[in-house]
Structures are given as C-alpha cells and as structure tokens.
Amino acid sequence: MNRESFAAGERLVSPAYVRQGCEARRSHEHLIRLLLEKGKCPEDGWDESTLELFLHELAIMDSNNFLGNCGVGEREGRVASALVARRHYRFIHGIGRSGDISAVQPKAAGSSLLNKITNSLVLDILKLAGVPTVTNCFVVPMATGMSLTLCFLTLRHKRPKAKYIIWPRIDQKSCFKSMITAGFEPVVIENVLEGDELRTDLKAVESKVQELGPDSVLCVHSTTSCFAPRGPDRVEELAVICANYGIPHIVNNAYGVQSSKCMHLIQQGARVGRIDAFVQSLDKNFMVPVGGAIIAGFNDSFIQEISKMYPGRASASPSLDVLITLLSLGSNGYKKLLKERKEMFSYLSSQLEKLSECYNERLLYTPHNPISLAMTLKTLSEHRDRSVTQLGSMLFTRQVSGARVVPLGSVQAVSGHTFRGFMAHTNNYPCAYLNAAAAVGMKTQDVDLFVKRLDKCLKTVRKEQNKESNASAVENYNKTEDVDIEEMALKLDNVLLDTSQNSS
Amino acid sequence: MNRESFAAGERLVSPAYVRQGCEARRSHEHLIRLLLEKGKCPEDGWDESTLELFLHELAIMDSNNFLGNCGVGEREGRVASALVARRHYRFIHGIGRSGDISAVQPKAAGSSLLNKITNSLVLDILKLAGVPTVTNCFVVPMATGMSLTLCFLTLRHKRPKAKYIIWPRIDQKSCFKSMITAGFEPVVIENVLEGDELRTDLKAVESKVQELGPDSVLCVHSTTSCFAPRGPDRVEELAVICANYGIPHIVNNAYGVQSSKCMHLIQQGARVGRIDAFVQSLDKNFMVPVGGAIIAGFNDSFIQEISKMYPGRASASPSLDVLITLLSLGSNGYKKLLKERKEMFSYLSSQLEKLSECYNERLLYTPHNPISLAMTLKTLSEHRDRSVTQLGSMLFTRQVSGARVVPLGSVQAVSGHTFRGFMAHTNNYPCAYLNAAAAVGMKTQDVDLFVKRLDKCLKTVRKEQNKESNASAVENYNKTEDVDIEEMALKLDNVLLDTSQNSS
Amino acid sequence: MNRESFAAGERLVSPAYVRQGCEARRSHEHLIRLLLEKGKCPEDGWDESTLELFLHELAIMDSNNFLGNCGVGEREGRVASALVARRHYRFIHGIGRSGDISAVQPKAAGSSLLNKITNSLVLDILKLAGVPTVTNCFVVPMATGMSLTLCFLTLRHKRPKAKYIIWPRIDQKSCFKSMITAGFEPVVIENVLEGDELRTDLKAVESKVQELGPDSVLCVHSTTSCFAPRGPDRVEELAVICANYGIPHIVNNAYGVQSSKCMHLIQQGARVGRIDAFVQSLDKNFMVPVGGAIIAGFNDSFIQEISKMYPGRASASPSLDVLITLLSLGSNGYKKLLKERKEMFSYLSSQLEKLSECYNERLLYTPHNPISLAMTLKTLSEHRDRSVTQLGSMLFTRQVSGARVVPLGSVQAVSGHTFRGFMAHTNNYPCAYLNAAAAVGMKTQDVDLFVKRLDKCLKTVRKEQNKESNASAVENYNKTEDVDIEEMALKLDNVLLDTSQNSS
Amino acid sequence: MNRESFAAGERLVSPAYVRQGCEARRSHEHLIRLLLEKGKCPEDGWDESTLELFLHELAIMDSNNFLGNCGVGEREGRVASALVARRHYRFIHGIGRSGDISAVQPKAAGSSLLNKITNSLVLDILKLAGVPTVTNCFVVPMATGMSLTLCFLTLRHKRPKAKYIIWPRIDQKSCFKSMITAGFEPVVIENVLEGDELRTDLKAVESKVQELGPDSVLCVHSTTSCFAPRGPDRVEELAVICANYGIPHIVNNAYGVQSSKCMHLIQQGARVGRIDAFVQSLDKNFMVPVGGAIIAGFNDSFIQEISKMYPGRASASPSLDVLITLLSLGSNGYKKLLKERKEMFSYLSSQLEKLSECYNERLLYTPHNPISLAMTLKTLSEHRDRSVTQLGSMLFTRQVSGARVVPLGSVQAVSGHTFRGFMAHTNNYPCAYLNAAAAVGMKTQDVDLFVKRLDKCLKTVRKEQNKESNASAVENYNKTEDVDIEEMALKLDNVLLDTSQNSS
C-alpha cells in the first residue's frame, strides 16, 4: 500500500489507527531494508509475516507476475497449476542464465535478488560457523556429489593433462562416483589405523603425488565429515602438500558446517596451505529438503568460474528453502541449533557408552570425529556375521533410522572399483560395529528412544543366537555384490519374520 | 519494500531490472488504491498475487502482528496454532466492538478496514444486482435466520407494544424460527393458488392488519426466493400496505441477489412503499461457505441501529470470504455468473419439461419463480405416496443433492405450530411434485447428470411399483412427526437396499 | 490409499518399504480412531500431518467434495474462489440445520462429524479445566454477548411473564447490551467495596428478587472473569438464591476457562445451587480468532433447547479453529498453557508491585481476581485527570495493547442507561488506576516490555505535569458522552504530539 | 480413516450419511489405485482434493513423517521451518540414492513412489505427444544444459577415445556450454540457407565424421526446437548417419514436446536410424518452474546408465511439480493445451504477417519451424543498427517479454569460441529480424497485446530515426564482447529515456 492508499484508509477508519498500522508496517520494512543493505543473516529470526511479505514483494518483481505482461517467448514463467505456483511463492523463472548460475535475469529481478541474497546469507553463515576468511560461495540445486563433479569439471579446463584425483578413502558411494562421473580416475589412498581411529595416510598421499607427477593430478579430494571410526581427513597437512606441489584441493565438507571442528580444519587448511573449493550439503547442514549444495572458496574468481560452468538456468527451490530457513532462524537460532547438536553429541556418546558396557562391548575411541560414533559389535559377530546384519534390520523395522551396522569383510564394487571391507573405510577393520550420529536437529528424545530400542534389539539378537535356528535363510547375503546394508537388513528381517510366523 | 530497499536491491542486481520490478509493483498498488478510494468492486477480478498482497498489507496493521507489541489485556489476538493464524491471513481480532458490529477497533486497523471495505463492496454489488437505491448494508457472521431475528429484536425497541409478525407462509423452518426466537408470534397468512402457482394473499394480509391493529404488529415479514410452485411474495403491494398502516417491513431475500427479478421486487417495493430491511445469505448468493448474511436497507440510521444491536465483536471470517471472492471475480465476473445462472435456469427448465413428458408428468407453470422449478409426480403418488419418498431417497443416494420431493399431506410441527401439507407452502397442494433449482454456480453438467439420474430413478420406481413387494417396510413413514424428507428418504432407501440384498 | 493401491505400490518400489510406510500410516489412523471413539482431547498434541489427514478425510465426506455429485438445490456448497475453499479445508456447508445448530446435515457428514467432535472435545476440556460435572455444551459462531442473548431468548419461552434480568454490575458494554438486545430490562445491582475489592451485594440481589417477584425475573446474570478491582461474582451464593427462588441463573464466564478459580466457582455453584448455563469466549480462552463462544450447562435438555433456538445453519469456522487448536495442543499442551498463565500472573503481579512503589503508588489488593490486576494512579489524578488519560494514550501509541487506565468520574450512557464511574464497576471508586491482565498465552517478554514502557511513560507524564502546558487541548474530554478510553487517549496523544511538533 | 473410525463416526452422526461419505471416499481411492496400477496419466484431470489426499498419503510413508521414528543418522529429513516442510508437502528426502537417481530409498517409500510414478506419467505423455516407441525416461532436477552434460559424461565411459561432439550450430549458450562443461570439443557445423530458412548441412556433418574418424567423435548433438529462421535439425537423416558410422546421437529437444512436429522427428529418427537419448525441459513443455529436465530414450539400459551417473540424491521438487501438473491437467488437459498452442501459432503468424506488411517488412518463410516466427526488420536496420536494438529495448520496457531482436553482425565469444552473427545461427544472415514464439500456455490476449505494442514501438522508432539525435549514446554497443541483447537493449532504452527527460 502506498501513501494514497493509506490516506484513503484514514478516511475509512480513524486516521490515528491507520497511522499506527502504517508505523507498524515500517518495522517490517526496516528488517527487509537491513537485509538488502547488509546482506547478512539477521541475528533474530524473522516473523512469518515479515518473511512472507518479503517473498511476496520479491515475487511481484518477476515478469511472470507483472499485471500487464505479454509473453511471446518460449519460456515465460507460465504455470499450469495454481498449487505449483503457490508452493513456489510464484517464483517460476529459477535462478541464473544460460551463461552463469549466479547471473541476473532481466525477466526476473525478484528471483535474481532472491538468489543474490541467499548466497550472501549463506556466506555469512559459513563465516560464523568457523571459516571467517571464505570469500565467495553459491547455492547450487544439486546434491553434494554432483556439485563435486562440477568442481572437477571446472578444474579440467585449467589442468588439461590431469587424469587422476587423489582421494583418501571414504566409503560413501557418491563421493567416489563424483570423480568417475567427471571422467577422472580416483587414486584411492587407504587410511591408517591410529588406536581405534582411521586417519589420513599423509605419506602415501605425498608419495603418490610424486609417483604420478603433479601435472597429471587434477586435485586432492579430501573429506571432513564422515562415519566413525574414520576421522576427518588431515585437511591442514593435505592443504600444505597441495600448496607445495601446486595441486588444487577440493574438500568434501558434506555435513561439516554443523561442526566447528570440521569448519576449523578448512579455515586452517586455507590459511597454511591450499584449498580451492569446499562443498557442503544444504539439507544435512540446514535442515531443508534434499537437493542443494553450497560451493564455497577463498578465491573469488575460481568460485565464479565454477558458477559459469553450470550450463543453463537452475531450480530456485533449494535457494528459497535455505533463505526461508535462515531468515526464520536468524543467526542466533542457527547458533543455538549448533550448540544443541554439540550437547546431543555428548549425550549420545555417554548413553551409548553405558549401553555398550552392559553388553560387553565398547564405544570406539575416535576423538577427531565430532559427529559420528561407533560401538563395537564384537560379541555378535564372533558368533556369526549374520547377527550383525540382523541387528541392523531389526533397528530399521523398529523405526530407528540412520543407524548403520558394519559387519566384517563386506565387499562392494562401485563403478568398477572393488572395495574390500566396504562401509568401514578400510580393508580390514578389527571388528564389526554400529554407527550412530548426532546431527543438527537431533532431540534428546531421539537418543533416548534409540538407546531403548537398541537395548531391546540386542537382547533379542542374543536370544536368537542361542537358538541357532535360522541359519539357512541368511547364508547367501555376504556374497551379494553391490550390497546395501539397509536393504539387506530389511530383507533379512522379513525372512525371519516369515519364518517365525510360519512356525507359530 | 520501501525506497531504501529498492536502492539496495539495485546495487545487488541491475538497477534497470529492479526499476522495472518496482514499476510492476505499482500496478498492484494502483488497484489497491482505487479500491480504498472508491470502495467499489473492481470491474475485472484481481490476480491472486494482488489479493494476497492486499490482505497481507491489511493484516500487518493489526496490533497482534506488530513486531514490537506487548499485550497485557485479556484479548490480544494471540493464536496458539500456526495453521489457524495462516488460514485467517493473521486477522485475529474479528470485526466490530462491544458497542457496534460495524465499529472500528483501535487494536485492529487492518481488520477494521477489511470490514469497512467488505461492506462497501457488498453494497456496490447489491446496487449492481438490481437495487440501485439501497443506502447501507453490513455483513453479519450469522446465517439468514439469525439475522432476521436481529432485525426483529431491533424493531422491538421501536414498537414496544407489538406482539405479532405477519408472515405469508413459506415452508422453511428457519424463517419461522427466526420470529419465534425473537419472541414474537407469527401470524401465518396462507397463500392462494393461481393456476399452478402459490401467491401472496394480499387481502388476507390487510384484513389481518386491521383485525390485530397496526400497533400490535411488529412488522410484515415477506419472502422473495423460495421453492416452486410458490412464487416470490407480492413485495410491492405488501410494501404499500406497510406504508399505509405505518408497519415496518422486513424482506427475507435469502438467495434472491442472484436473480434480477427478486432484486427488482425489492427495488420497486422500496420505491412505492415501505421496506425497512432486506436480508440475504452470503453463501447462497456469493458462493462462499455457510455462515454469513447481509442486512441491507434504504434508511441509513435504521441499518446502523441493527448493527448496534449486535452485542460484542464478531467473526471476520464471512467478511473475509466474501471480500476474497468479490475481488477475485470482479463485478464482471459476478455479472457473468448471474448471466450463466439465468441460462442454466432456461436449460434446466427445458430439460425437465422434456423428461416430464416422457413420464406423463408436467412442469408446473410458475412464471414468477426465477430460480426453482417443480415437476409433478402424479403418476407416482397416485399409486402410493411411498413411491414419492422412495424417489427422493434414490436421488440422494445417487449423489443428486438439493433435489426435493414433496409428497401429499405431510404434517409438520415447528416450534409448536402445526403445518399441514408441509414443504408445499399450502395445506393441500393438488399433487405431489419434485423440486430442482438453478442456483448461481450451477453447470450444464449438473443439469445433464441430474436429468439422466432422475430418468433412471423414475424407471426403477415404476418397475418397483409393479412389484408391490416392499409394502411393509415403509408403511409407517407418513405418520412421522417432524419429518425430514431427505432423512426419511434415505432411511427408506437403506431399508429397500437391505431387503433386496437379503433376497438375492 | 486402499489395499489395492498399496499392492500396486509394492510392485513399483520394494514391498518391504511400502509395508513399513503402510505401517506408519496406521499410527496416524490409530490416533484418529481413538478420537472418534472416545471423543476426548488427546493427551499429546497431534502432528500437523495427522491433523491435516484427519481434516482431509472429513472434508471428502461432504457432498460438495463428492467427485460424482450433481447439485440442483439452492445451497450446494459451491465455492467461487479456490483460496476460500482451501482456507476452509473445503468444509463449505457450515454446521447445523434449519432446526438446530447441533443437528446433523445429510449433505455434509464430514462437517457434521467435525461439529460433534469439536463439541465433544470442548466438553472434555471444560471438565478438565475445573467443571467436571458439566454435561453438555456446544460451540456457537457468535461472540459471548450474542450467545448470552440467545440464552435469554431461550428462557423467554419458559418464563413468559418475566421482564427483568438481575445483574450485578460489571462495566463491559456487551454484557449489558446482551440483555437489552434480548428485550429485557437489566436490573443493575451495585457492587460493594470490601477493602480495595468490589464484590457482589448478595443482600441487594435477594431483596430485589423479593421486590420484583421471582416470576417477573427472567434470570440472574452473573459474571466471573472481570477487570480488577472487581472480583468475580459470588457465584456460589447467587446460585443458592436462584435455587431457592426458582430463578434461572446464567453465568458470563467470558475468559474464565483459563482460570481454575473461575471454573471452580461455577462447579460449586452448580453443586450447591442453580446454574442453567455458562457462556465463555472461544478466542479469549483458546487463542483462536474472535467470533465464537461455548454455551455449556448441567442440564442436557436445556442446552439442547438453546441450540434449537438458533434459526438456521451457522459458520463452521470457529469450530474448525478450536478443533485444530485443541488437537495441536493436546490436553497436556492446554494444561501447560494454563500453568504458564498462572505463573505469568504472579510475575506480572510482583513486577507491577515493585514499579508502583517507585512512584508512590500501590497494587490494589484484589485477592479474588485471578487474572486482572490494578495499580493506583493517585499521584497522577491528584494533579489533574487528564494525566491519567494521557498515560493511557501514551501506552497505546507505544504498542502496549490491552492496558487500560480508569480515571475518576467518567460517565457513560449505554443503550439508554447512564453509568456513573463507568469502567470502574461502581459509582465512586476511591482512586484512578491502571489495569493489566495476565491472560493465556502471555509471555515473560510481554511483562518485561510492559513494565519498561510503563516506567518510561510515567516518567514522561510526571515531567509534563510540571510544565502545565497543554491544558486547553484536553479540557473537553471528560464531558464526552459514550466515551471510549482507548480512542480518547489516542486522540489526546495525537494532540500532544502535534503540539510538540509545532513547537519544535 | 479406517473401518473402526468410520464405525465410530456412524455412532456420532447418522450411519447412512457416514456410509455415503465413505462411499464418496472410494471414488478418490479408485483414482489413486488406477494411477498406481497403470502408471498412466489419467484422462481427466484430478480434483485438487484427490491430489492433495494422494500427496498426503505418499508423504506419511516417508520415515521423517513416522510418528514413532527416532533418527540417529546424518540425514534424517528434519526440517527447521514449517513453511518449508509445508511447501514440499513434507517430502524431504529427495529422490534417488547415492548410486542412482532412479533408485528406491529405504527411508522414503513415499518419495520413492512419487519418483517412480512421475517418471511413468512423463513417459506416458512423451508417447502421447508423438514418440510412441520411447521406452524409458526420468526426470532430473537440472536444466536442459546440465542434463545434456550428464548424457555426454555417460557416453565418455563408453567411448574413451572420443574428443569431439559434432554440433549443427544453434545460437543458444547453454547448448554450447553443455559440451564444454563435459570436457569435449564442439565441432560446429554451419547451417545452410534454404530460402529464408536455415537447415542442417548434412554433407558437412558426414564429411566431418569421416575427417575426424568415427571413434574420435563422442556423438552428434542435434536440436529440434529453436528460434526461426533456423528450422529443427534434419534429425532423421542425422540419425541415419549416426547409425551408419556407429556414432551415438543425443537430441536436444528443449521445448519440443509441445510440438508434434518436433516429436515426430525424434520418432522417425529412432525408427530409421539411431537416437541414444533426447532431452527436454520440464518448465518449457509442462508449465512448471525452471529447474528440471526429462532424459528419455529408446534403449532401456542406456537410460539407466545415465541415471546411475548422477552421484547422490537429488531434489524431488521438479518431479513433484510435474506430477501435480499432469494429474491436475489429465492427458486430455495436456492435449488441449497442445491444440491451443497450435492455434495460437497460426494466429500469431497471421497477425505478425499483417503487421509486417504495414511496415514494408515481411514474415520470414520458415515452414519447418513449428513454434518460432521471425519478421524482418530491414527498414530499421538499413537506417542504422541501433534502431534494431532500440526496438528490443522498447519492447522489453513495455512489458513484452520473450520477443527478441536480432541485429546484423553481432559477434559473441562463448567459452573461448567466437560466433559471428551470434543469435542468428549463421555468420551472415541477410537481414535483421525480430522473433516471437507461440509456446504452450500462450493466450490470444498475449498475441493481441504484443502486436499492439509492437505496432506502437515501430511507429516510435521510425519517428526517432528521422530525428537522428541520439547517435552518440549508442555507438559503442556493437563492439561489446559477450553481449546480451536484452540487457543491451535495456541499457539503451534507459539512456534514451534519460536523454529525453533531460531535454524536456
């Protein structure tokens, strides 16, 4: 409403009240102005009404929402379904242009602003979360793996001779595939066992660089956040090696924004050595739906190069989600989430420790891993490995999601490469174990329910072990190629279930 | 967004694009300004985005949406559920004040504006629909019946000696109850049969006035829209009688806004005689949810008196619904709906006529009723009256809603008064019949489906008649007191259904 | 999705996963079943997804949502605007039938269920909140005042000779108007001062009953929740008087559900004497938008009579709001709100006490009032009464809503009756004062902001007093008839503001 | 609601009504069952209520919506903002797994079903739109360009020696970049002029294949939909060449689904020759927001290989949009849109023809292009080229979006490659021209407004030409590298605007 509208309003109801309403409007506008001027995440989260006002104001700046627009192009932001238009707050034109995913669209000033502001806010949060010297970043509507691929594809143009990517092993398929998809050959560096923990073999990395020759190496591809007992890579030392040999360094920081330790590794790496880009998931760090990532770095022009590699426009949906989320939370809200996560990690750790002792197991000592924990399943796997997978299956069907059992000796082929001891990040980890993680948004109730259900399941499995009855049903599982543990476990549980039902 | 925000936006993306977006915003603002300044329904319906912008702008003028508000009263517009807040667009304070449902609330400038504008728009539409000299109206969050009660209660204070309300019979319970609830004694004037049609017995009205004495008559309570074969009351002549004897005249125009004929009756009545207020349903005329009515009239101060009779605040929900609806449709959209309704009436009429001839029945000739039609069911009821109710039941279970069968001789007690021939508006209508109406929003498809299903049902009933098999199941129905025909019919159909299933 | 759909789903993705999803669905269904079977408010609040599933399931049972429906009536639940349909979750038919607002609609099984369940839940909550022996209640889409009117109109039919309503004075317009609108003459019983507190004059009530004769008294109309220094009426003793003289007793429990003290009064009153109905606001007690009330009582058939007095259908909107709210909160959530309110009352009380002492004022001692507090403004009003109103105005423009200043000697005419000392519930309260209330949903932050702003305003007013400069601007205010204190205060502040701006 | 719930409902309201509601529910369920069983787009679009019921049912099958879930993983579908959860209908887990974007997620049976069904529906629509023999497809949440890149990256693994992609020139940046990003060298084949139209130079393609050797060619990359005066590529003949030389063939069918001609080309190509995959935009063909594409083909296993190349999960948002859209429209609705588009093309064509004649221009004769039209701007460009860009700018600022002026001789570098005559698909097109397209969703009103505004702009430009006044402001534009015509035009218009304002 403009001045004339308010004046007309004053004639309809009392001027004094309209004036107060108009005054109240200014406080919303003030917040919006601050955001646009500073480009920073507000400290206190916004009210839903400010947020919707802002999105509405942006949306009407896009040509598809112009009241007098006539479209004679092939892409005019027309929407067939009102439901679809509404759920996107009428932002239809996506982000970016054919040339550059960060570019401004003439047809869509509102979407363009949304894109710029989101990237600016996210940059602010990365700084606040522990990487104060990051200089540029952008949200890309692709998951972490594909975003890593985009980084590698960008590097290809700068290093035409390179064929290899040096990669300290981490047993997560999409990390590996991100290199394969980009057309490079991953050079797997096995981890070394230090106590219970798996750490980067720095010597092996350096000697591999020397062996292959720096020019034939596209980059080192390291990882921060990961499942225990692997720790985050020694990013700092890797960064130094990269600097020394002039090799780019891409860090997979998948769900590391939520941990000050992971962020600190990146900050230090960039300070003392070389980090070209670090990539993180939107959903895992910011509690939004799956589908976006942030590509960030310390060199403005390299990050821009990556953003220019993305051919064509892209979905604004992940940007919109993270914008809404950060404005709702405010930086204080996000910091609070991070603090609570840390507390949950301690709580989960202590509860799992207690439980493990009851069953003659123990919590693995993995002091560098700030998010994931592992508890041994020795007594189960000594008996027979199937008990381990059975436990996983039971947890899954009891609505424990995200827990992960790692039996001994599973073998997996990923895109032609065979990994022994898959899921354990090493060929022969000494024992079977179970993973649980304290990720952002976890609640005390999650921990309590988990521990209670795990307790029950362990009891049941032990009982089963004594019966020795279902041997035949499961004997073939460990041979399976391309095994998925959740899937395997589930099938197993169903088999067991069927068996037990038939026998009753 | 204010000027500073746009300036900041220009620094983030190209000034030229932001300027164009800002320009586009102005066209939305222009529409809003026009509305506030003129208080008229826009000709062309608004875009959803303009509408939501407008509602959002209004809502942030209410104190419960002030960012800096602190509330220490007993009614602060707090909302426990975000779902509830959202569905009301954050208008929580309702409309009106303790003194007056049309009054402005200091705490809620936005809701107050909403209320004023809605009433203004609705007044505009009433004029356009055929009552150009109406001077004032307001939306009240009560259905037609209770709104009539409010009118009668207001008149009580002006006519302390009055005990009676003169009421040309119309067989609709809430009309009758509206008088009972207000504490008056309805004086029922039976209708006269002119051809097939039932019309107001003007002489009976006038002699009743003389008999009771004008001062003991609170008002005449007439009706426009009604089920055929009753026609709308002779409102013009009644208005003259009222003027002559100095008796107030309240018109129940329940669903008459949709018919230019009904509206014309009111316009003429007010021109040549006396009409104090006319009341119409929001849902039936404007395709919004049940629960609101419009009280309108030609004397500003009387309408204000009524609005001051409502003790306390009231729900803004019906006002909001009709505001959204009228702004979405525009006056052109509403006129189009009226035009289509008229066409549907002709279509329904011709289709029913054709069908009735196939079954040796006929469409009753009711030239004054512009909405409702009636087709005889002579051949059914000759046989046995249960066939008539069975037909009603069959239609209902076949998802024909709103059709209404009227058997001969049903008797109904409403609040102590016994109506013979209830539903037919007269003690002894010559034949049983079926009603169907062409109301606003009806589609060709409704007519076609209805005629098709009616055809099938008639066929089935005829077949049944020949069988004479289910006599015992139904014999008691016609005796039932306080019978509801839909309910009755449904029970019957279920009985028949059960019987047929058992026999198969 | 039915069994066949799940089977088809199993063919598309893994049966095991679909089965688990199907299992998960059952937990939602289980909650819905429990609700329908028990009709009680669930202890734990429902998830938004269960809630929406439930509303969706109900809505598709209404004929306007039947896929194959054809409508040939005058009220078919058609909706012109998709926005409107959506905000009502597609419940369009409202609640009730012409005969009875609690009746079931054949066309709308879903809305009918919604209505029944809401009433059942609300009854459960009334019991839990302190009136365990309540037997029946219903939600009515009218505010408290109009709901009281409906109760009085119902009583009229049972007591045709009665003309008077005995009413211990409470200075709230709509209470008074509720009786006037119903056509009765309120007999005002002045309160007696006990210490600082105003209490019911029981003797005056009884002698008035004797004077007028029980048969000419429609009912006693008492009040629980009210602004200090008035306390709740002595409901218990009034109930005994009513029982003794055979007079009905209607209790205005406007915002009393939130206080166990108010509820206890009602419970006791019904136990030892007579209470025919008690009426409470939906918005003030359940944090929903303005516009609904609950009429409750201990005699099933009388409550049904009231529900049958409402002529015609009614809006389902208030019922829907309270249903959503109660299901979201659960009874535990509601109890928690009540507990927090109690704590806020103590906190507000102690903070106001401290502040008042700083200004040589004091908190009035009103031990029976569990919600509202009053702090004297002696030092202000000694000087000149305008300072009191100025304070009110200043608070209002500083976004303190709900605070209320009560100057000495304001006179107000309401519907022809003149009240001396209006707002103070008595002709001559000893001093001016300020009210603040701790109502359900209040936060610590509200209290803190209020006390801070009040402190500032008091400081400013004191300074102003010494200047004596704006005398002329305000001299006429106290004479105004039908004065509204918020409005008055606001005008005043604007005058002062203009003056100060002109002088600068 | 399950059987027990309905039974409980029957006890609350009449069994007959509940039973009818329950019956009505079955018709929704029936539609859902059919969809899941057949996997085809329903003929008639679904009602919003069926659609939302379906989405709701799917969503509660995802573990993040399990009422009893406890999450101890790093990705649990937690959402911080209720607004975000709601806008995604609580689908949070995205689609696909680390291994494969089409894979089923154990944690998210609902999202997995959504993904499968969407792909199945889209396949059905591709068949219906003119490629009946397509065997597999999937929706990918990336725009067309990046989707093409993914196809090329997949081919790399099958053709390790290939370095080149043969590409009949089309002047659209993201097409070109899709090859660069994938790391290949585009071999640009210039088009040949046939009359006004630019067509594929088949001989040049074949001789290039021979020159480079088939093994060094990754694929031929052809295009269907494009701006006139270019026609769609001779896909059929190219497919034959590909088959003959054993070279893969990827077709960019960006907005070709909406044209039966483009689809027919693909169908024929696959029949007589070789097409490995064809890629189309979601937004341009299905009126959904930007951000998704469909990768489709005739060889099941190759399409699966592509889907397995996408590393990691992906956003479900584009799939959800197209699912909602197709279910709302039904296949009949979509066919209707296609039919209307065809009519709009004729209408636009005839209107432009008329207009062009008035200005001594003509519509270029481009019989093979079914979507885009071109009108010469000879008389403008003869004068000076700036007039052409000025026209573009004027149209843009007058809210004509999508029109595109093509001046003579613009030169553009894209990723290192220099294109002469950029935007015209050829080095030296004989004249400047203006493009307009009739894309799906266009309305008569768009055409009329466009022609009217174009008429006005042409008039103005002619007048300007005679003045010759603003020469200096624009002289540098044609030299600019990496010029964007919309941007350029806009700047120019602003310059002109400023000048004219200063002079007034």
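A, B, C and D are the chain letters, set down in written order, and residue numbers restart from 1 in every chain.
Rule of thumb we're sticking to: a residue touches a chain if its C-beta (ideal position, glycine included) is under 8 Å from a C-beta of that chain, and two chains touch if they have at least 3 such contacts.
Just so you know, these numbers come straight off a predicted model, no measurement behind them.
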Farthest chain (mean CA position) relative to subunit D: C
Chain copies touching (subunit A, subunit B) - same or different residues, decided at half shared: same
Chain pair, C-D or A-D, that carries the greater number of C-beta contacts: A-D
Interchain centroid distance [CA atoms averaged], subunit B/subunit D, Å: 48
Distance between the centres, which are taken as Cα means, of subunit D and subunit C, whole angstrom: 56
Centre distance in Å when subunit A and subunit D are each reduced to the mean of their C-alpha atoms: 29
Of all residues in subunit C, the ones touching two or more other chains: 14, 16-17, 20, 24, 48, 63, 66, 68, 82, 106, 399, 487, 490
Subunit C contact footprint on subunit A (complex, rising order): 14, 16-17, 20, 24, 82, 397, 399, 487, 490-491, 494
Partner subunit A, residues of subunit B touching it in the complex: 1-2, 4-5, 8-9, 12-14, 16-18, 20-22, 24-29, 31-33, 36-37, 39, 47-50, 52-54, 56-57, 59-63, 65-68, 82, 86, 90, 104-106, 109-110, 112-113, 116-117
Residues on subunit C engaged by subunit B in the complex (per definition of touch): 48, 51, 63, 66, 68-81, 83-84, 87-89, 91-95, 98-99, 106-107, 141-146, 148-150, 153, 156-157, 172-175, 177-178, 180-183, 225, 254-255, 281, 283-284, 286-292, 309-318, 321, 324-325, 328-329, 337, 348, 371-372, 396, 399-404, 414, 436-442, 445-447, 449-450, 453, 482, 484, 486-487, 490
